[in-house]
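Order as written gives the chain letters A, B, C and D; numbering starts at 1 within each chain.
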């Protein structure tokens, strides 16, 4: 009988403890800096090396490059860049292999949409998704000499 | 006079419906606080309209009757479950003057009418032609019958002390000493048996979510489901008020503080019991069916009989006899 | 598929073991039990050869366990890239579990006949697991032996998996014995087309569902299994998905 | 004798207490179970087939989704097997980070088990308390690797992220907080007479049956077999920490509850020592070639996940993609014993026994 009474005592004590729930829809929920949210894409930095499309486990990145507009510069410029968020699992491998940190994760996670075809994000949308971009990136971009060896 | 005969019950019905809506909300809030969360606060200020929204949702929900269900019994079951719950309130003396029917066998009337609900639940479980509902119905029939007896037996102690079944007189007999003190064993048995009558945790076997999905009301949707929930909470109202009347001295003020009106005392004691029911629901795990049966027949019943025996013996002893 | 391996990995590894040993020098410098620092690795032609930390334990008598069950390994399991196989490497220092392997081989040879065992070697990468390749015909008797023989008494199935080598199919058992606390790896080969395998469900109950899963995914029929039907795929599924020649329903995925 | 008729009852795949999409076809006579046959495969995603044309780094996000309650141990299983096959050297700091995150994940997984187990038995509040404490662990993981459930944190050769500044002290604080919380759980549940009645003496099996069925983890230790891979076949740096392996006597459900709660306390002990001995400097990633070419060979490595022995059997033909990857999933083995345990029990016990063996369907169906 005493176990039950002790249990009742504990639940009563818990009634007085502060509440731990977030009131999410009213106040936005901040995520820590390293949070893997929706990607942000920066076309200038991209060198169309296709590394991200190759590493993606679910092959949801499709990109096409085109010749550099002014003749004397060689190399390619990104033309279209789409991520299919129906199957993207936000595993952060693409930002890891990108040599120029062209694609970076942000802390936004609101991805709910009313129709599936809104989930095909193109270059322009990814570029505008530039709020609270991740500060500390763990990408293949060569660190400044003497930087943290990681 | 006959105007009061009509307006009174309608008024009581509204009070009870009001109680039910805010009891559901209060329960969800209390269990929320116990579990370190806020409880419903989205609909209306501090969530006050939450239950109203739920009832409205149930009203506009599609009312499905399973194809292979036994049509007429399926419709009748919620009615059989709800009507006794409300009919039982006629006999409860809220205060000196507020009582709908003051007849000599009030307590017997309460016990008899309240056991009709078992039939409602059994018919509901059987008619919905669903295995889970059938199991739920069987369990609740076995549980209610086996807990009806200790419930009644535990009250015999009070009847012997007061010498009458009239609830009004029972409350008057508790002017000086509430029956909870001399009849404490009876009170304990009564409380446990009443929790089991209400099908609430730790005895909520008929609608054990984790085992039978939802027990007897698994196939009920829309307003029929609301009727079953209504019946359950009106019974909470009835059982809590009966406990207050029998053991906590109805409208009598403790230690003579009579400047507070009796109805307020009644409400205070009543909500204490209701809070205790919610509090137990948030803490206790569920008992197994066979343990439930053994507990009723091998623990509660002997305790109730022992209580009767002790009351009889104490009545004869001159000094403390007057308390009994 | 790249040009077909002339020998499947197991035997080539075994050849690597006994015929030629790589020229890596292994210095097993004794270490204090608690302290663990980078042992000096001699550079060799293999990019990743290195000393595992466990080497320290093998040298120090700290762990009460008998050497036979010792986990230590003098050299990492990585071997030469198959392409550039130099023959004149120094033979690997015999793995501490060699005697254990030989004991298993003797017991089985003497009790289940000499031809039961096709190959026996120590899998260095896998913490020196003694591995036997058993003929399919004599597998039921050897399995019974492994379970009942007091010297072996393997009563715990740690893992049971099917592998499709395109040239043949194979079922791999990893067994452990609580009595002697030693473990063994068994590989039984069967041909690809109508692949059959004697079931060991009567010896170890754990094998029941595993055999059903291997049948479901690889199509190896286990004779003697009470209810050999699909466990993961829907019952009316056609084909066995894990086979290399399985063409998926919708190529797009 | 009254002629009774047996009834087939479908428990699941959508049922509140099957912890995922498990379907149990139960033949019951009244309330006693005559025969139960589990039907699995509703969550089969063919990870092993997919893995055959993914390179090793790409497989890691898939392993998060196998045992979704302890994704760190899944990551570690495949990463450890690959490193073992390649004979790679893992830097000190990475080993410590791995042990810390795995033990945190073990505590989170046991908390989920305890919460849902009490919910099956009928008590509502412990579920919320367990998730309140687990939330703190998830926040720690969110700060470390950016995700709460699917971490994708480990890489072949080390770990992806170093601990952010102050993270290790937060782990230390959590350990102190959790120790106080354990008394609350013991007060609320361990002494509760109804809980004892519901779990003592139910679902008992002896040592031989457990070994016969290849059970592992708490299900095996509860019958008295002291078999914990962190102790018996030590991997990573588990030898440096002293912790003991809780073992039950009777093998009933109450013992399982006590064993798992004691395992949380042991993990807290490991965490405390790991935080103490955490190295200052050191890199988090060993020397790993850009394109992982795993040498030819075959390997089976088992590690101790919260549910039992999680093994990874890799057959590699020297390419950067595994030729065959097989996971030894503890829940798949632990579920096999359910039919024999359920014979003669009743429905309420079915739920308690099923909750007791602690299965996760993502892992059973793989």
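In this text, contacts are C-beta pairs under 8 Å (C-beta built on N, C-alpha and C of every residue); 3 or more make two chains touch, one makes a residue touch a chain.
Heads up on the chains, UniProt names are A = NADH-quinone oxidoreductase subunit I; B = NADH-quinone oxidoreductase subunit H; C = NADH-quinone oxidoreductase subunit C; D = NADH-quinone oxidoreductase subunit D.
Owing to the predicted nature of the structure, the values given are computational and were not obtained by experimental measurement.
Shared contact partners of chain A and chain C, listed by label: D. A simple rule picks the central chain: find each chain's mean C-alpha point, then take the one closest to the mean of all protein C-alpha atoms, which gives D.
Spacing of chain A relative to chain D, judged by their CA centroids, is 28 angstrom.
Centre-to-centre, using mean CA coordinates, chain A is 54 Å away from chain B.
Separation between the centroids of chain C and chain D, computed from CA atoms only, is 25 Å. Here the CA centre of chain B is 66 Å from the CA centre of chain C. For chain B, the set of residues that touch two or more other chains comprises 34-37, 282-284.
Contacts with at least two other chains are made by no residue of chain C. Residues of chain D found to touch two or more other chains are 125, 129, 132, 188, 192, 194-195.
Interchain contacts give a graph that is no line, ring or star and is not complete, per the touch definition above. Contacting chain pairs in the structure are A-B, A-D, B-D, C-D.
Partner chain D is touched in their complex by these residues of chain C: 2, 5, 9-10, 12-13, 34, 36, 38, 47-50, 52, 71, 76-79, 81-82, 123, 125-127, 129, 155-159, 161-165, 172, 174, 178, 181, 185, 204-206, 208-210, 213, 217, 230-234, 241-242.
Interface of chain A with chain D (complex): residues 1-4, 6-7, 9-11, 14, 20, 31-36, 55-57, 89-93, 96, 105, 136, 138, 148-150.
Looking at the complex, you find that chain A touches chain B at residues 4, 7-8, 10-12, 14-15, 17-21, 23. Considering their complex, residues 31, 34-37, 131-132, 135, 201-202, 204-205, 208-213, 281-291 of chain B touch chain D. Considering their complex, residues 54, 57-59, 61-62, 125, 129, 132, 135, 139, 142-147, 150, 152, 160-162, 164, 184, 187-196, 283-285 of chain D touch chain A.
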